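Per-chain numbering from 1; labels A, B, C and D assigned in written order.
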């Protein structure tokens, strides 16, 4: 069977998801028996125009160049898979979408006119057809390898949107929300991380993005019951996946209930 | 039924005897803010002087004034994960020179003795037996593990606020299903023998007969635990009326609160749903078929091509309650709820199964 | 004399963490313009941290960089703990250091084997090298795995770990995972010595020249997250004095901010650290360096690969000692009480010193902050180095040779363009 | 039989019925014939990908037949397999049609869409044993007439004595000979059989079966004469995984063919 030709593109990101390749350890050599990486700047391969079977896109679209490169990648590849929070929902840098971005740039950079960015940080699917998404900040090696394996078997992985709680319970971890009143996002967050945060005795902050049917409204109310102020609840949803519609909705809902804000609104 | 007495200091002797018989001994310990069942090195690891304070959506351990080892009622899990593992390889497929071959996988099985299980855990075990071991397709690894099991039950001397086993008829004292059963008193344990295996261990312990006074204390403890229970699940006949309430508005009300997270089904000692996944190695040479705990609250549970049959949270909660409390009776001859209260304590948004069942069946207005 | 007009354009310098470009304009033997261009889109971290609670800062900060997330987390945690007057236990401090060591190991191993080694072994990239030198790559990956396993032990995963928090750790690791990590470290340790011998034997070009270097220096240990700022000119500064002596400015060709020490470029990173702290190395490593005839302080930037190998060896040795102790148990964190005020901290990330500054309100929410990653600090230094080294290398070389040389010079600094949040595009314009 | 462990089977022949439907002919690595009832199913396993429940189409020339529509994760690559490949197979599972008990009765087969495999298998059997039964009525609905699998087969059945074949296309606008426009239920009024002495076997989307039940009631077909096969998510195929529950029934183990009165209380309800 011919090897799978793969290109790895990075748009605006922290480079953490690409490490799912470089952090494989010795089994990377096994993986390379099956795939031919033809473009991977960090790995020293520069062939942006090569046509490939699979393009993995890390990062969000935040500049006109990002957009161009994405369109290029799309037209050069049979399958396009976005990897990581930036690519699937805009990522952490999408927090700026909620603010006045121009004022921000001015504050950090004395000469903002040198810097060319689009107004928002947006996910890949906002600009191009996406064949599959690997959620997670960062994605895990298992997610990536499973994708590649399933492609080798002639199919795509099952898109598992199950809730983190299921994984947490399977690992027989003790629920931190019930024992510690920790405002855990597990019940609205996608599985796949290994339920890491609860394992460390802390609340999930949703880095794998919204799960299937997230009942954020009920969870937010529960957070209020645990003593969180509306603004704090809003902040829980405004973390790594602030621009995913489900979390965004909760952010705005709770932010609007912040007494300070509504004071300002009245004025 | 003759009862024996084991002085408090000699609990270690029981553990030693079990170990000498070849059992790994599993008992309650405090870990990550809860009572969990784990391998015990010795009796000092038991949760002396610990009780739980549980309420809908809350579980906290607190120090009590006494120094008893079994004053708690339940932890997040009982026996279920040991017999029906949350994740288990069923078989492996391999590409070999002889073509595709399949090999059954057997988990390493060793005899285990559990100390500290409750009446509700035993009732749940009986139900899991019916599902996994007694049907037309018995689960071989469940059966194998089950046969090796030795059970030292403990009768509850108090009830947590989430307990309601009295109303389901499953507790607070164990009547059968154990090898040995303890009543914990301040100075030691009354021991009741429930099987030949149990008798063999009891003989080795060289026990004295329990005095009438001690037995009276145990009876009082039992009565106290009964009286402490405030929650009451409707009786089975009443629960059967749920099947006529498919259109009740209440399902919608619950769905507004329910996260469909599956925590209730995961902690429930009788829930048995599972799903399977194929995990291939990186070379695509071998693949293992893995069975994982699943829940009727997940979307995939009722998925068929083109649709999700129970697409709404209200329908999933309805499935859970309808199955657990009513249809279970038709499948296994009794309700699937043993009154342990785990689903109430471990529901992140504090949904109370008893309250919902009463509202639905009896029109109670909580 | 008629000057040769040369025009080389390499859009992306590869084998860097993140992406960037270089622009070289030369007339005859004169370099007219030399710009390291970083144009990775700005992610505006310092701005969106505003309003965020001290509890959320470490998780958000991690996302600045996928290669050294832990350094960003911990620097902010240490700064905030200073402000909140939190005293963590010695155990916690030690485990944090263990985690830092893990990050150094994985980051250095990744740099050495995937990014730098192909330069020295004559390959375009590590995957091409994999066939000819599988042993080199395998060794690197095993060492990297050991580093990752330390990060995973204490943080759950090596990229964006979740274990650290203001006040300590969420939980201490389990004894089983402690044992597993110890095993990985024990397996990797002998490889570290082999690695150092290998690096010392590489035919490194000598481009020694004078420059300033800056790192932390601690009284007792090889510095990671303690000690004062020491400049090779003898200046010693507290973290609080950083802003008075180091200034950032923006240049047209880059989205990264340039950082200068009193108007001068300077080096941070493994070579700077080792130059300042060679005396703190454990005995076996000192002895080995002597045997190999490698000397520090050293002003040849090409020896930074050796410095990285030294640090890997040192980190694995220390990790082994820590992991030989019993797995810690008990309370992993202390309660914290937020308070308003300003705070700052410097630590040593794999690529060099980081500086974080925060102003928090009474609830512990960020009012203002500033984060200066190592690459911003090295950027001016890289340009200076290129200017001198390219001149010495000779502009008469072909464009392709020049390009390769420049890339190699840049790689000595292991610039992490993601954390300075940025992209490298190479163009040479020769008149 | 170890119900849990698949046996390996070789794909000896693949017939492409339509662009997305194919019939797999499988050789089982053992001599004795595979004993099954029409309406039962197997769990087919594709290496590294997963298992899916598929009805048994029949047994021909020593090979087991399955007709598969390529719709997703497993069925697509399964349909792409090259002849000579190996897959895994567990079964047969569940209860099939009670064909042996229906001697002398008129048989009415109602199917729609592509859920026809288990019914087609039963029709084959009935036609082959025609002397045992009364009339055979075959009602088939599809969206477009070209969706009909085994066109020629239907034409052949048309020729059989006392056999009535009625076809309907629901999304067609052009009239075509021998086809009726509309839903399969509309065919019932044309069907000629004895409602007092018939057995109805249905397979297809539940909505179709729900409305067929109404028509059948109008024709005075007693509920006791109706059988239907249901589809649910099957993970294990043996009533252990819990996914396929319909009220108190496990569709895999108690079905997939059900006697209508048995499941009447639970059938056709939304979200049950």
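We take it that a residue touches a chain if its C-beta (ideal position, glycine included) is under 8 Å from a C-beta of that chain, and two chains touch if they have at least 3 such contacts.
As the structure is a prediction and not an experimental result, all values here were calculated from the model.
Q: Mind having a look at which chain is the central one, using mean CA positions?
A: Chain A is the most central one.
Q: When A-C is set beside A-B, which has more C-beta pairs in contact?
A: A-C
Q: Rounded to a whole Å, what is the gap between the Cα centroids of chain A and chain C?
A: Distance between chain centres, rounded to whole Å: 25 Å.
Q: Can you give the whole-Å distance between the Cα centres of chain B and chain C?
A: So the centroids are 51 Å from each other.
Q: Take the average of all CA coordinates in chain A, do the same for chain B, and state the distance between these two points in whole angstrom.
A: 37
Q: For chain C versus chain D, what separation do you get between their C-alpha means, in angstrom?
A: Comparing mean C-alpha positions, chain D is 65 Å from chain C.
Q: Give the residues of chain B touching no fewer than two other chains, as numbers and ranges.
A: Within chain B, the residues that touch at least two other chains are 32, 280, 284, 294, 300.
Q: Multi-chain contacts in chain C: which residues touch at least two other chains?
A: Residues 171.
Q: Please set out, as single numbers or ranges, the residues of chain A touching at least two other chains.
A: In chain A, 149, 153, 158, 201 touch at least two other chains.
Q: Chain pairs that touch, all of them, please.
A: Listed by label, chains in contact pair as A-B, A-C, A-D, B-D.
Q: Can you list the chain D residues touching chain B in their complex?
A: 2-8, 45, 47-51, 71-72, 86-88, 231-233, 235-236, 238-243, 245, 247-248, 253, 265, 269-272
Q: So in the complex, the part of chain A that touches chain B is made up of which residues?
A: The touching residues are 27, 30-31, 33-34, 145, 149, 152-153, 158, 160-163, 165-166, 169-175, 177-181, 184, 186-188, 201, 212-213, 215, 217-219, 221-222, 225.
Q: Contact residues on chain D for chain A in the complex?
A: It is residues 46-50, 73-74, 76-77, 80 of chain D that touch chain A.
Q: Where on chain C is chain A touching in the complex?
A: For chain C paired with chain A, touching residues are 11-12, 14-19, 39-48, 51-53, 56, 59-60, 63-67, 69, 106, 110, 114-115, 118, 124-127, 130, 134, 137-138, 141-142, 144-145, 148, 156-160, 162-163, 165, 169-171, 249-250, 252, 255, 257, 332, 418-419.
Q: Hey, which residues of chain B end up touching chain A in the complex?
A: 31-34, 36, 57-60, 76-77, 81, 86-87, 256-263, 266-267, 280, 282-284, 292-295, 298-300, 313, 345-346, 348-350
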